[in-house]
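Naming follows writing order (A, B and C), and every chain is counted from residue 1.
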Amino acid sequence: MLAQLLVSSITAGAVYALVALGFVLIYKGTGVVHFGYGDQVTFGAYLVLIAQALFGLPFWPAVVVALAASVLLGALIYGGLMWPLRRASLLAQIIASLAVGTVLREFVRAYMGPSAWPFPFLLSPAPVAVFGVFVVPANLAIVGVSLGVLALLFLLFERTFYGRAIMAACDNRIGASLIGIQVSMVFLAIWILSSVLATVAGVLVAPLLTLSPDMGLIGIKGFTAAVLGGFNSLPGAVIGGILLGVLEALAGAYVSSALKDMISYGILIAVVLVRPQGLLGVLAMKKV
Amino acid sequence: MSDTPLLNAENVTVQFGGVIALDRVSAAVARGAIHAVIGPNGAGKSTLLNVVTGLYQPSSGNVSFEGQSLGGMAPHRINRMGIARTFQNTELFGEMTALENVLIGLDRRHACHPLDAALHDGGWRRSEIAARREARQLLSLVGLAEDEGNLAAALPFGKQRRLEIARALATEPKLLLLDEPAAGLRAAEIEVLNRVLLDLRSERGITILVIDHVMALVMAISDRISVLNFGRKIAEGTPAEVRSAPAVIEAYLGEKGAHAFGA
Amino acid sequence: MLARSLFAMVAALAFLAAPHVLAEFHLFQICLIAGTALVVLGLVVVTGFAGQISLAQAAFVALGGYGSAILATRWGFPLWAGIPVVAVAVSVVGFLLGQMTLRVSGHYLALVTMAVTAIVQIALIYSDSITGGAAGMPVPTFEIFGYALSTGGQLYYVIVPVTAALFLAVHNLNRSHYGRALAAIRQSETAAELMGLNVLRYKAAAFGASGFLGAIGGGLLAPLSTYLDPAQFGITHSVYFLAVAVVGGMASPLGALVGSTIFVFLPDFLQGFQSYLGLVFALLLLGFIVLRPNGLASFNLPRALSSALARTGDGR
């Protein structure tokens, strides 16, 4: 029974991990915390539906159109919002990212209605028995993609020159530009990449959570996962996500399923107060 | 005159991860003295100020003020005990006027009851008038009387420096810590600064601990100088003693330079 | 002095005349504006003055509304007494929340305050025996001095004076050494701390004030809407209050008033497009934060007006 619980909870955890990866990517890459990312994930799923409705496309072509549109969206968010605000106060940047999320959410609420939409599964949602435990292929896809994205991003940041350039640009904009790295191009790339990742996450997650404008509240769970794992650590995002999923499932089973969410938020507050760098993150020191 | 130093740092060590910013530094500042701390960049001078004012906690060692240990005390409480400081990169309240910057330091002593403040009644009016009068006096002291209504961020650099000092004085310190007050000043301005500091000591009895590179200041007004290098104290004494100490020359000029100097 | 007394007289006259001149719908809107402005004033204090981001305002509003309604329904505590009592209790909660700024700031503070709002909302939904759960609960009638106030035109006589009094108090406090201290903390916490200001205590007090104002606003808005629904008190609504503050301007109390007026009147301008209301709000927030982050109240006319009013009482 415990084994089943753990296996199912890893699914939820993988969802959180996928969202958390997006947060950490943007933070590591540009130094900004994108509070509207959860809503961008939702928007990504809606893009598929909109593409189907507007152009009468079948599912997979619609996904391709959605991915293309999210490239545009990422560029738009960076060019229209984050770049103009690059020297604004932290407060303004936080509010701006909240605003982006709210605009996306309200747009789909107005355009597609406030109620839930069914979203097709990519893989079969029927459970398959493996060693006496039931596993759902659709959920496995989420876990697989999470790990795959992690591996890809990890390679990008740690092993390629481009990735190191991104880290440099994030740490020290002036220094990076002095050695020829065009910082704004780097940031643009990050925003586009994370936007595409958001759509991928949306497509995988929407069938699981049922698609509605408020699905973006998953963002705060993604946050908790990222904080738990360490906000500047990509592996941390995945570990944090899985850990959060497991903790939630355990709390739900042994404490109360109604208060499961509350316990997650409690975890968030506790981690932020007690160990803000999470499990794998590094604490930043402020020099006076 | 009591023999207990006003400020006593004993074997203070400050470590950030693997970096040792201060290594068992000891220094005693006598009451009424002007004590300078010099040393090459990165020697740990600002770190020492940060420890004294409570921004950093020492990894080991102790700092005491008037015999009382400052360990673990919050910076605002240390200030209320009588220690004030200025900053290397001025940390003025840029969106506030010069007068308001100084008022911040005076407000606590003139504070009215929150009810008075909410009603803007007589009690509030009286406290504001008294506070502003004292603030104007302090601005006059550093020669900023005409700038009282100007935004701090809009003041020229030299005036910002003086405003920092006026602001620090507003908290009625017994010990004033100055972090590179002469950096970027012209010769004439440095002379004015020297006179201001000497007057502060003679007329207000304020003890001064100053960090700087500018010898026109340090040599002119210090009673005693401590020299730091790589987080360690390498020399201490009167200006004349320090000027000719071999360790000091070597720290500033390097070994070859020291040989050239005949050390 | 003269300008201020004149202004006060005109304002008093307008206040007394309005219910005889305006229709019930407009009086209702005035009450809505006043209540919302109080909530947003809380944000102006904690975010605009003290520089601390807070997404907990919806939680304070919820606690104020539900708290006073429950006191009235279960223990017969009249609303006119329950609202201030609950507001004081909520200000303590706010103060404790503010103590957390010792450990967190910026992004993490935004997250923590979001989590607090979410936790309060979940608690309200699951304590259904007390709060009616997801279905919500009706708000008892506001009774004072033997009068039962239920319409906008009636609640007007309570909501508007309370709002005016609190606005005046905050305006005055901001132009005293308390306001100076918050401004100093907003600009440089380090320098403020080193000048003897107990920065943590001030930040916690700012949070406490935002809790108090949010709860009073919530307590006053509840009888206006006659029904409390937990779905109205989520993170989205905290962002809504933030939007009002950004558009109106967070630098002064006037901003809360300006922003609230715009947001309350907006649905009227969107006659046939009610479903787009949320989108319009969101776009306003986005537009203002990029183009005019200081909000509307930072335009010259309101500032000239408020500084003219201020100069007369400055003590210079």
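Points to keep in mind about this one:
Just so it is clear, a residue touches a chain if its C-beta (ideal position, glycine included) is under 8 Å from a C-beta of that chain, and two chains touch if they have at least 3 such contacts.
On a predicted model such as this, the values are computed, not experimentally measured, just so you know.
Each chain's centre was taken as the mean of its CA atoms, and the one lying most distant from subunit A is B.
Of all chains shown, the one whose average CA position lies nearest the global CA mean is C. Our note on geometry: subunit A versus subunit C, Cα centroid distance of 32 Å, whole angstroms.
Chain centres here are Cα averages; for subunit B and subunit C they lie 42 Å apart. Centre-to-centre separation between subunit A and subunit B, using Cα means, comes to 48 Å. Of all residues in subunit A, those that touch two or more other chains are 288. For subunit C, the set of residues that touch two or more other chains comprises 190.
The multi-chain contact residues of subunit B, meaning those touching 2 or more other chains, are 55.
The touching residues of subunit B, when paired with subunit C in their complex, are 53, 55, 74-76, 79-80, 84-85, 87, 91-96, 100, 103-105, 107-108, 110-112, 114, 117-120, 124-125, 127-129, 131-132, 167-168, 170-171. In the complex of the two chains, the subunit C residues touching subunit A come out as 47, 51, 53, 100, 103-104, 106-108, 110-112, 114-116, 118-119, 122-123, 126, 190, 235-236, 239, 242-243, 246, 275-276, 278-279, 281-283, 285-286, 289-290, 293. On the subunit C side of its complex with subunit B, the touching residues are 169, 172-173, 175-178, 180-181, 183-184, 187-188, 190-199, 313-316.
Within the complex, the subunit A residues that touch subunit C are 33, 35, 80-81, 84-85, 88-92, 94-96, 98-100, 102-103, 105-107, 109-110, 214, 217, 220, 223, 227, 258-259, 261-262, 265-266, 268-269, 272-273, 276, 288.
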